[in-house]
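In what follows, subunit A forms one complex with subunit B and a second complex with subunit C.
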Partner chain A sequence: MDTIAVIFGGRSAEHDVSIITALSSIIKPLELTEKYRVEAIYISKEGAWYWDEKLKNIDLYSSGKIKDFIKKNHPVSLKFDGGLTLIKSGRQRIRSSSLKVDVVFPSMHGTYGEDGALMGLLDMAGVAYVGCDLASSTIAMDKILAKEVAIANQIPVTKFVIANKEEIDKDIASVIKRVTTKLSYPLFIKPTHLGSSIGISRAQDQTALSNGLEVAATYDDMVVIEEEVPNLIEVTLPIIGNDVLTPAMLEQPMTKPEDFFDFETKYLQGGKKGKGKAGKGSQGYSKIPADLPKDLYKKALDLGLRTYQIVGCQGIARVDMLIDSKKGEVYFNEINPLPGGLYAHNWRAAGISSVELVDRLVNMAKERFEKQQKLATTFDTNYLQQF
Partner chain B sequence: MQVVVDGILTNYVRQGNGRVVVILHGWGDSSKSWQQLASALSHNYDVVVPDLPGFGATKSPPKTWGLDDYASFIKDFLKKLNISATYCIVGHSNGGAIALRGIAKNIITTDRLILLASAGIRGEYKGRLKALRYAAKTGKLLTSPLPKATKNKLRAKVYQTIGSDMLVAEHLQETFKKVVSDDVRDDAKKIDIPTLLIYGELDQQTPLRYGETLHQLIDHSSLEVLPGASHFLQLDRPDAINSAIQGFLR
Partner chain C sequence: MKNFIKAVLVFYTPKTYPKTLVYMLQNTEYQPAAYLKWFWRTQNFNKVMIRRTLEKTKAAKQLLLGLYVGITIQLILGVLIIYLWHWHNLPGGLVFGIAVIVSYPVTWAHLVTIPLIAGRLLIVEPNQKAKILASENVFKKHRAIKVAIAGSYGKTSMKELLLSVLSEGKNVAATPANMNVATSHAIFAQSLTGAEDILLIEYGEGAPGDVKRFSQTTHPTHGIITGLAPAHLDHYKTVEAAGEDIFSLAQYLDNQNVYVNSDSPLTESFIRPEFGLYNQYGALGWIVSDTKIALKGTSFTLKKAGKEITVHSSLIGRHQVGPIALSVALAKHFGLTDEQIIAGVASAKPFEHRMQAYQLSGGWVIDDTYNGNIEGIRAGTQLLIDLSAKRKIYVTPGLVDQGKETKTVHLEMGRLIAAAEPDLVVLMKNSVTQFIQEGLEFGNFKGIVRVEENPLQFYNNLREFIAAGDLVIMQNDWPDNYS
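Then we have the complex of A and B:
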């Protein structure tokens, strides 16, 4: 029986979302497969790693008792022994237990996880892991880089301007001038590396633009300012696969541009402003499949799949697109290497249960790892003998 | 929504159109518990509800703050949102004390003021405070051999039992001490705008007599008492609060 380590939490603004994804959409379905030994690895907001059965219980986090847990338990040590082993000391540091991991299932949103940092660590350790690798995660989680890659591959993106934190802090007036010379209101201002709509503002005038720039710059060193697409239909497409891709359904969040998916709307109000009792979390209020004419649906589906391949995603990702419904134009917006909750609701609509989804993702991780193992990583020379 | 005010990442809710109504929540509270009232008022007004620094999703003040600092923050917050004229400030509990200080010192201006179970009357229990201080010192000495976690739990229990908000926001203990030692009776005397005071009959944190005191001190004020209501008027009697406010603002 393979041991799967589900890693979640972490030093990220999306720490809490990551816990929900791990507990509800990954650990539980993995256990239901009855094929794996599933272990919960929680990374605190300070960056310490913990491994314990208790970490699978949502009450630990919702009650705030996680703070007591952290005080009472020692963080685990990581051993890179031609793979990944976790070592946990007992309370008095007398006894220790270890866990040899076969496959890691990252459930990390945002910084130090979804952005490729964790994937780099796992590559160094030499352990199989689910989802996008270091390079594709890095591209996907950098909104500017992802746009540049899309442009280089003739994938349409909306008009945008970039600004760094330093110029925003020192001379915001010139940033505003640059933005308004090139773009027209309404605008979206986004931190480059964050997901879950954290730090995003919509601006219809200069005051809102200035405020939005300041907010985004408190979260990130780089900020991207985008022109809003007129006659907007927003769609998103979850995809799984390494070489052979399986798309879920094209999904249409039911939000007006002015009610764009902010963190509150997305995770706390069930996806729709003012509908606090919807309680669907990241699933929110949306149409599955998206209500689009057949040709436009296909155009968006193709663009989503092409973007996934071009960025080099593997395992799972979700591609967000913006459609100008009058012109019939589809623009790539963002790509998300670990969709919140894996977008299990959409996969269910597409006929793939949560249990089947996580099982397939683990198999894809193992397949990729086996392929990588066959690649030569050493090259024998007599270089050293010359010294 | 978010905005950076004086270097503090500030969360706020804004809805509706018309003249501006600003709601200031109390200690340990946030904009969340004012959503219902804000929604109701937003049919007629542009309603702005910030999470005050240290509460809700707004970052904490960089140092120990008092009422003046919170009032200055409100001034800068409104400026940041390009709000030049405020029709009414609604302050609950400590939010009321902030509003009184801000208006009295001309830090913030508004046409009307509504004080809901406003705090700011201090030193009412001098004997009790002295006894509590003595008990706290003795307790600290007696519990000193205990582990830190146990000590903290005991401390939280004691503060909860005596009805103190000291540990409601643990990270703001020094700010709390500064705020609750700042009396606003002199400020109240300087208020010369139409003011509505609403207090709950059963309020224990800011008893009705606080309202009566402020009513006496503020010219052009009226006092309304909600029978059976506690300190958290917005949760106990949302409809009564809404209609009283709408009536006063009309």
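Then we have the complex of A and C:
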């Protein structure tokens, strides 16, 4: 029985979302497969790693008792021993236990996880892991880099301008001038590296733009400002696969541009902007499949799949696209290497159960790892003997 | 070793053990024999309260209090005996005192049944007998058409269907839910006003002579036999014996106004020429055509002597065609109009956990967990064949109470499942799992078989296993008191 380590939490603004993804969409279905030994690895907001059965319980986090847990327990040590082993010492440091990991299932959103940092560490350790690798994660989580890669591959993107935190902090007026010279309102202002819609705002005038830039710059050192697509239909496409890709269904969030999916809308109001109470998460207010004419649906589907391949995604990712419904134009918006909750609701609608989804993802991770093991990473030379 | 220690320690856990005993009593409906059988079969009392927890009813609370008081007295007595040994040299006091203390779990597991047995003998049974006697008079004098519904399966569904259809044009009363034994009939009799046109009385047979007794008390004018299958064989021993009891209803009616489901193969040897028959092809001369089976229900047309009536019901499955056809035929016979009949059939809803379809995670689940016999399995597997789906999943723990027929029935069950060709079969692990697996092998089953060690976990997380395009049929329940 393979041991799967699900790593979640972390030093990220999306720390809490990561916990929900891990506990409800990864650990639970993985355990239900009855094929794996599933271990929970929690990374605190301070960056310490913990490994314990108790970490699988949502009450630990919702009640705030995680703070007591952190106080009472020692963080684990990582051992790179031709793979990855976690070592945990007991409370009195007398007894210790270790865990040799066969496959890592990252459930990290945002910085130090989804951005490729964790994948780099796992590559160094030499352990199989689920999802996008270091390079594709880095591209995907950098909205500017992703757009540049898309442009280089003739994938349409909306008009955009970039600004860094320093210039926003020192001379916001010149940033606004640069933006308004090149782009027309309404605009979207986004931190470059964050997901889950954190720090995103929409601006229809200069005041809102100024505020939006300041907000985005508090989260990130780079900010991207995009022009809004007219007659907008927003769609998103979850995809799984390494070489052979399986798309889920194009999903259409039912929000107007002015009610764009910010964090609150997405996770706390069941996807519904306004006074609605918390619901089922982002899936609560979207259409699956997206309500599009057949040809436009296919165009978006093809663009999503092409983008996934060009960025070099593997395992799982979700491609967000913007559609000008009058012109029938589809634009790549962003790519998300670890969709919140794995977008399990969409996969279910596409005929893949949560249990099957995580099982397939683990198998893809193992396949990729096996392939990588066959590649030569060293070769013998007499270089050293010359010294 | 660790598990053994845990299993022993549970006997001496004041918070858990008495509750477990009362839970076991509650789940065996306070039947001392069934409870004691379960008690002696249980190896680990930690695992008894897994599916559910104790429902704190008045009776449960009283029993729990009685247990706590009794156990406390026994512990005090044990300590007192040791005290007497220590301070007053009571001979053998140490050993006896310890024995008194240590033995309390077993002692009170048995003593707790005494108030139940006494209460049953002194209060409940005399009271019930009086009520049953009184009800006999009520039924005898009642002017209504009295339809008795007997059979190994399908009784409640038949009764509910008839109630829906006949109520469109008549004043109909029926025994509630699956309350179908003599005491339930007596309570039902008390609720009657005398103004009813039709009474529907369900007979829940469980042991030889039951149906005959029910007939003598309720004085039916019409009888419906919904089918025969191995059920309650712990008491009947053979299906033939069960059949004889069920068909004693026909004897009571002198074989007149008796309607038998001939879709049920085991009824064949009991059928007499005087009986009216119903099945998926028709009922009482009405011929069924254009049958359509779907997840949203069942539709068909009935024709007889130039008359035609098309009905649609939300009841699912080919096995429903016969009962619906009979309800239409009887409704015509009792004078209802076509409009009333069509409306009545349309309003019939599936009874809870009986071929009840609902959507989950984008897939369809058919909950037939109240089924408890091989004919129900036949119907469920036929439904799996009749309906199309991207992926078909069949879930079952198997059938309880099959007595000596257990192996035969489950081999047959495996073969039926194999013939329906589901993609995945999920079996809840218990004493019959192996037989179903053998049956699947005999049936040359090519799909995946998954044996669940933790059924509760599977049922509670069903939504994680299914997706759009899936069709899941869940049949049968395996109560805690079965191994």
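The rule is simple: the second predicted complex is superposed on the first by the 382 of 387 C-alpha atoms of A that agree within 3 Å, B and C clash if a C-alpha of one lies under 4 Å from a C-alpha of the other, contacts with A are read in each partner's own complex, and residues count from 1 in each chain.
Note that contacts are C-beta pairs under 8 Å (C-beta built on N, C-alpha and C of every residue); 3 or more make two chains touch, one makes a residue touch a chain.
The model shown is predicted, which means the values in this text are computed figures rather than measured ones.
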Report task. Label the relationship between subunit B and subunit C on subunit A in the superposed model as either fit or clash. Result -> fit
Query - Partner chain(s) touched by A:201 [first = subunit B, second = subunit C, both, neither] - result: first
Requested in this report: Using the touch definition from the top, say if A:64 reaches subunit B (first), subunit C (second), both or neither.
Outcome: neither
**Report entry** Which of subunit B and subunit C A:214 touches, first, second, both or neither
**Finding:** first
Query raised in the report: Touching A:347, do we find subunit B (first), subunit C (second), both, or neither?
Result: second
Query raised in the report: Angle at subunit A, subunit B to subunit C, CA centres, as a multiple of 10°?
Result: 90
Query raised in the report: What is the contact status of A:28 with respect to subunit B (first) and subunit C (second): first, second, both, or neither?
Result: second
Query - Partner chain in contact with A:356 - subunit B first, subunit C second, else both or neither - result: second
Report task. In the overlaid three-chain picture, find the nearest pair of C-alpha atoms across subunit B and subunit C and give that distance in Å. Result -> 28
**Report entry** Of all residues in subunit A, those that touch subunit C in their complex
**Finding:** 28-29, 32, 34, 347-356
Report summary line: subunit B contacts subunit A in the complex at 1-4, 9, 39, 80-82, 149
Query raised in the report: If you look only at subunit A, which of its residues touch subunit B in the complex?
Result: 68, 71, 199, 201, 207, 211, 214-215, 218, 262, 274
Requested in this report: Enumerate the contact residues on subunit C facing subunit A in the complex.
Outcome: 361-363, 390-391, 453, 457-458, 461, 463-470
